[in-house]
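As written, the chains take the letters A, B, C, D and E, and residue 1 is the first residue of each chain.
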Amino acid sequence: MRLNYHMPGTPPATLLPGRESGGSVPTITLIQYDSETIFESEFDSFGELMARFDPGKVNWINIDGLGDTDLLRALGEQFGLHPLALEDVLNTTQRPKVEHYANHFFIVSEMVYFDKEEHLTFEQVSMFLGSNYLITIQEEHGEDSFESVRQRLRVGRGFGRKRGPDYLAYALIDSIVDQFFPVLESLGDAIEDIEEELLERPSKSTLRRLYEVKRLLVQVRRASWPHREILNSLMRDDTGRVTAETTIFLRDCYDHITQIIDIIESYRDLSAGLMDVYLSSLGFRTNEIMRVLTVVSTIFIPLTFVAGVYGMNFNTSSPFNMPELDWKFGYLYFWLISALIAGTTLVIVKRKKWL
Amino acid sequence: MRLNYHMPGTPPATLLPGRESGGSVPTITLIQYDSETIFESEFDSFGELMARFDPGKVNWINIDGLGDTDLLRALGEQFGLHPLALEDVLNTTQRPKVEHYANHFFIVSEMVYFDKEEHLTFEQVSMFLGSNYLITIQEEHGEDSFESVRQRLRVGRGFGRKRGPDYLAYALIDSIVDQFFPVLESLGDAIEDIEEELLERPSKSTLRRLYEVKRLLVQVRRASWPHREILNSLMRDDTGRVTAETTIFLRDCYDHITQIIDIIESYRDLSAGLMDVYLSSLGFRTNEIMRVLTVVSTIFIPLTFVAGVYGMNFNTSSPFNMPELDWKFGYLYFWLISALIAGTTLVIVKRKKWL
Amino acid sequence: MRLNYHMPGTPPATLLPGRESGGSVPTITLIQYDSETIFESEFDSFGELMARFDPGKVNWINIDGLGDTDLLRALGEQFGLHPLALEDVLNTTQRPKVEHYANHFFIVSEMVYFDKEEHLTFEQVSMFLGSNYLITIQEEHGEDSFESVRQRLRVGRGFGRKRGPDYLAYALIDSIVDQFFPVLESLGDAIEDIEEELLERPSKSTLRRLYEVKRLLVQVRRASWPHREILNSLMRDDTGRVTAETTIFLRDCYDHITQIIDIIESYRDLSAGLMDVYLSSLGFRTNEIMRVLTVVSTIFIPLTFVAGVYGMNFNTSSPFNMPELDWKFGYLYFWLISALIAGTTLVIVKRKKWL
Amino acid sequence: MRLNYHMPGTPPATLLPGRESGGSVPTITLIQYDSETIFESEFDSFGELMARFDPGKVNWINIDGLGDTDLLRALGEQFGLHPLALEDVLNTTQRPKVEHYANHFFIVSEMVYFDKEEHLTFEQVSMFLGSNYLITIQEEHGEDSFESVRQRLRVGRGFGRKRGPDYLAYALIDSIVDQFFPVLESLGDAIEDIEEELLERPSKSTLRRLYEVKRLLVQVRRASWPHREILNSLMRDDTGRVTAETTIFLRDCYDHITQIIDIIESYRDLSAGLMDVYLSSLGFRTNEIMRVLTVVSTIFIPLTFVAGVYGMNFNTSSPFNMPELDWKFGYLYFWLISALIAGTTLVIVKRKKWL
Amino acid sequence: MRLNYHMPGTPPATLLPGRESGGSVPTITLIQYDSETIFESEFDSFGELMARFDPGKVNWINIDGLGDTDLLRALGEQFGLHPLALEDVLNTTQRPKVEHYANHFFIVSEMVYFDKEEHLTFEQVSMFLGSNYLITIQEEHGEDSFESVRQRLRVGRGFGRKRGPDYLAYALIDSIVDQFFPVLESLGDAIEDIEEELLERPSKSTLRRLYEVKRLLVQVRRASWPHREILNSLMRDDTGRVTAETTIFLRDCYDHITQIIDIIESYRDLSAGLMDVYLSSLGFRTNEIMRVLTVVSTIFIPLTFVAGVYGMNFNTSSPFNMPELDWKFGYLYFWLISALIAGTTLVIVKRKKWL
């Protein structure tokens, strides 16, 4: 299990590239808008970007990739970001949280989605929310759940363009939170599949899938819970950085994450119940099989003994040795006795409801 | 498992018809009353309805079916409903909640009942509570638990007609909460049935039913818990929208939901206990069967060996080869030895309390 | 499982006789006392009783049986009792609670005792505590835990007669709470019995008894917990209805219920542990039985095969066919081989600690 | 399970001797000290003791044995102790607690120790803490954990002699709390023993010991938890009865009890885990045994059948009846076939990793 | 299980060497710095050290080893440390905590690391934080997680040298907290290994390793949780001993410990799930084995009986005795019947999905 942390002994607030995504050169994009205009571009260097920065508009700076610590350092100096916050950007197994610094909020969120190979993937998104800018820093390049927000900004639909960076931050967090729903739906489908399989034909692969679902639930749970605290903290903000209008939207998002947590807890309940069902189901099948074995054995083992007895080669010249063999109806008697033993056993077995 | 949510990337406060009940054209009804008069009618369009709206009376607008987003939009504009609230009306897997907007309360509740095929059904009911109106929006047409409230309004029984829309909202929530009781009673009956079956004759279908009950309890629990918060929030309202008189009734309803939650928790306890009983019961039966198999095998397998020995064909011309076969009482000795072996085994088995 | 509730759709505050005890005509008794005098009588009608009511003394009106809704209605009018409270009196599966109305407290408590057939019985006791009266309403006729309180009032022992109805209410609740102790003691005895039985000779009836105890604990728990809230609420009363002196006694009673809840939780822990012990104990016994079966089979099945081989009828005229049968010491060799096989098996089995 | 409580119906604050230790005549001792002097003596009657009482010094009155209710009554009158508190002294299954009366604190604590037969014993210690006295009442005679405190007072070591009765009360509670450590250490040793036994050679006695440890943990837990509340309550005292200096010592004692509770919870975790290990371990052993049985059976049962076939006595005069018996190499073929069957089975078994 | 505590009866605040590490002579070192200078030396006696103490700089006194109680006493007198705190330094199984004394904070922390033999080791670190000094006392000599802090002080990197002893205390606690990450990572690796092993080839050693991981998680959990309280308490300090600047760093450390606790809880969840998987997996394997045994037995036991029948030696001179033996195609019929029996059994078995 990979935990991304600085080696113990590293001084606090040291900027080291993330242990894995270390090498990827970041992409820097800027979306700058107010209710009238929108400008969108990709930049090669931080200097060029800052030349274009317009304090009178909302500036959304997005950085994909954590490979360039100099960029982060420059960013930190320019916007007065706290070194500890910058360190957390790179230590990508942070717990989602929000931190209130004097001139900006620092938000760590966790994006969850199925990647192309259908693996559940977690990706940290860090945000710095200032009075006229929002900086978002993602671990990886490629498509993200923010595309829809960009589209809405471009076409000017919704209220987005008329509002400040706090609303933009809300919109992004909302898109992250909404990503949980399809993930949960697919987990719910998996649970239903397993449920049916368990009751019909439990196999080893069912167990493996059930455990997999439980493991994913543990992970999704760990990623979702702290978002509630984030939204709560933003909603209760009294510094004015989050406007009252945005608060209503945050409350809606808060309801969504509460619902997500509710669903996760239900799924945990169900999957715990399924493990019990699996165990019971196995127990029941073993019991059933044992019943058959016992019935067959209990009927035939004594009969085989009787047959064995009359297969013995005692010298029948002695009148005491196996006189039955010479009886006229000996063989018929043998079958009678056998039928009697088998019949009695069957009756007992029926009474005990073993068959 | 169907989760009803907007696709991630949908702008907030977008009105899309519910994913499933999308096509059903809504029915609009108005019940308008004060302590003297009552008027009740069905309308074809929202315009006609508003022409009839009387600000001096209590106007209860009920809409069945979520198929017409234009209607919702018109409703929203007319009454100043928040777009996010309207979005929640359509996303019918909302968690029950209450939201305090400036000029109305938005309440999401969850009706639970057994439908005609005896399936446990959950249906979202959204309410907008204003100063002189109550708008209720249900997912589906057909009978609902509100019929009794309508009847009481018509005959003028109870205090209902003399009071405002807050009392009407209470009466509807109360009818929803009371619906939980027969559902729980039937779950309780199921638990008692399973309990008896488990202790008498556990079968695979018992397991399936037990799991089904657990699953329903998880669902009912998820639907009931938030109602406590709703009632608590309404009771503590200090905006004057909920009158002190209604608060007393809400407290009564709050007691009911607390009692319902108590019962659900007890049932969860009991059904968890039953799973243990099932496992133990299976274990006991397997043990019992194994004891029989072991006793029969332990007695007859050695005897069969002895019989097999005397069925061997060693050339008895050698005096060392199976002289027993020629003994006068060889066969009797055989039976004596067999009886001895069987007897000893039985004594040991009895001592170990296996039979 | 019987849940006593009004059918959904019943208007709030409707008085309907309880679903089961509907028919029993109530008995009305009055005990009227101050520090000097005491008067005790049974009345046929509510009118007669009220004629005797003396506002200058403590009036304890006790009603056994819920069959007469007119009586309750009259009571409600006379003392200004809230209709919702009266409805709760009849819905006898209320959760214990206390409600503060302007001119009286409404207390719902739950008496628990073993009835004559040793069934654990729960009976709702409703109390209305006014400034100079206490009305108690019980579900059933017959002896109750209040008899001792009556005796103490009659003989004037204790401080009871000098105090107001709040002390009387305390005394009755205390007698209800103290009833939990013998019930718990008998459950504790049952747990100890089961414990011993489980470790010595687990049987199916042990399982049944264990589950029964768990079920009773769930019920007793549900009845006891809310009493803590009741006592807490009464102790913190700042309306003056409960005097400071009585508060000290309530605190003592609060300690008792806390102790009861502690004991219940311990018993739940123990009985959960016992279920584990049962399962483990069964597993151990099955294991033991299987060991015996396996040892016997592993020794004799190969031997039986060998005996079977020498019972074959191959034509010994061919020198390659079973020459062993003609050896002089063939039979002895057979026994040697058998002893060797059996011995080796036993050694292996011993090493594996199966015997 | 013995619960010590007054029969329901007993008036509150009645003094009855404890149900079991009823007959033991109490021993009364007084230790009276200030920073300069110390006086220690045993008294026959309460009157003599009171004659010696010196309000200017710290008077520690210790009573061993609950047999004399008159003594308690006299004590109560002399020091103004609340009758309910005196009742709690005798009902020796009280939950540890502290109660704040106007002129004294009433503390109930629970001493836990292994008695001479190594049984875990619980003994209630009641304390009345006044401005210049501390009364301690124990259930039983004999040595107690207070001896070390007495020694320290006698030699005048530590700060004890210079301080008031609140420090004395602390010292006694501290000696009670410290008693938990050796008890826990011995439980921890037991858990380690069981752990090793379980993984090496689980037996029935292991199960019994494990359950015993779990039961003791439930009891020790019930006794320890409330001490935290006691210490917390004493630390937060603002009546001046507990001095600020003593508060620092109480905080230390509070840390100890927190540590004790932490350890108990860890032990509960571990012992729950051990029960799982036991079950799994049994399951593993059963599985192992079954594998051997199955392998032996699967190899030899078919072979025995084949041997049985060639032991049949069909009349070989018909050329269709068992011609194999007359083949020259029939017997060799038989062994070849047997080896083939056994070999194939072994290969399959090896592939399935059963051996 | 070793618990390090004073024998009950020891007076509070007694200094006794730790029960185990008693004999080790402590090493005393001083690091004295301000933003300009740094001095570092080891001292033989406490007197020499104090001669060098400079109130105008930050003095970090580190003591390794608890063997010299005189040193502690001298330390206590010099810096006015509370005797109870000094006692806690020696009782090395303290729960991590922070205590606020008038002129210093007393912090107990718990270092966790794998020692050279890869055993998880816990070592108590006690700290006294004054206005111009920090005293740290460790149980054992040898390398510690503080080395990196020392290095940073020496080279003057980071902000450390410019700040007070509160920042130094933070840096040390941070280095302790960061030590948890590699420990958790190795536990996480162990869980993943066990997971794979369980699903592929569960063995007894898997069970042992799983239990070991659970046990370590219990211990790490007990050590980590209280650090959250410590950090919280330091962050909320309002005495000025902890500066606002350091508080930001403490918040970062608080986030780390929260993350650690989150991970531990996830691991507990996973390892509990694995125990279920183990049990289920065993159950599945047993079931599989039993199916094979049952199929083989069910086919061959009846056949063996039939073969046994025709091996009987009834005297065929009677026409009723085993006439089948003389039939021309008797042997063929036998095989037909055998094939029929085996075939029918196989079909049934296939239908039941046992193979």
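The criterion applied here is as follows: contacts are C-beta pairs under 8 Å (C-beta built on N, C-alpha and C of every residue); 3 or more make two chains touch, one makes a residue touch a chain.
Since this is a predicted model, take the numbers as computed values, not measurements.
A.B. asks: Could you tell me which chains make contact with chain A and chain E both?
C.D. replies: none
A.B. asks: If you walk from chain to touching chain, how few steps can bring you from chain B to chain D?
C.D. replies: 2
A.B. asks: If you fit chain A onto chain D using only Cα atoms, how far does it have to rotate, to the nearest 5°?
C.D. replies: In short, 145 degrees.
A.B. asks: Can you give the whole-Å distance between the Cα centres of chain A and chain B?
C.D. replies: The answer is 25 Å.
A.B. asks: List the centre-to-centre spacing of chain A and chain C in whole Å, with centres computed as mean CA coordinates.
C.D. replies: The separation of the two C-alpha centroids amounts to 40 Å.
A.B. asks: Mind pulling the residue numbers of chain B that touch at least two other chains?
C.D. replies: 279, 283, 286, 290, 293, 297, 301, 304, 308, 311-313, 322
A.B. asks: Quick one: do these chains touch in a line, a ring, a star, all-to-all (complete), or other?
C.D. replies: Ring.
A.B. asks: Mind listing the chain D positions that touch chain C in their complex?
C.D. replies: 1-3, 5-13, 82, 84, 87-88, 93-95, 97, 99, 201-204, 207-208, 211, 214-215, 218-219, 222, 275, 278-279, 282-283, 285-286, 289-290, 292-293, 296-297, 300-301, 303-304, 307-308, 310-313, 322, 324-332, 334
A.B. asks: For chain A, which residues count as touching chain B in their complex?
C.D. replies: Those residues of chain A that touch chain B are 145, 147-149, 152, 157-158, 160, 171, 174-175, 178-179, 181-182, 184-185, 188-189, 191-192, 195, 199, 248-249, 251-252, 255, 258-259, 262-263, 266, 269-270, 273-274, 276-277, 279-281, 283-284, 286-287, 290-291, 293-294, 297-298, 301-302, 304-305, 308-309, 311-315, 318, 320-322, 353-354.
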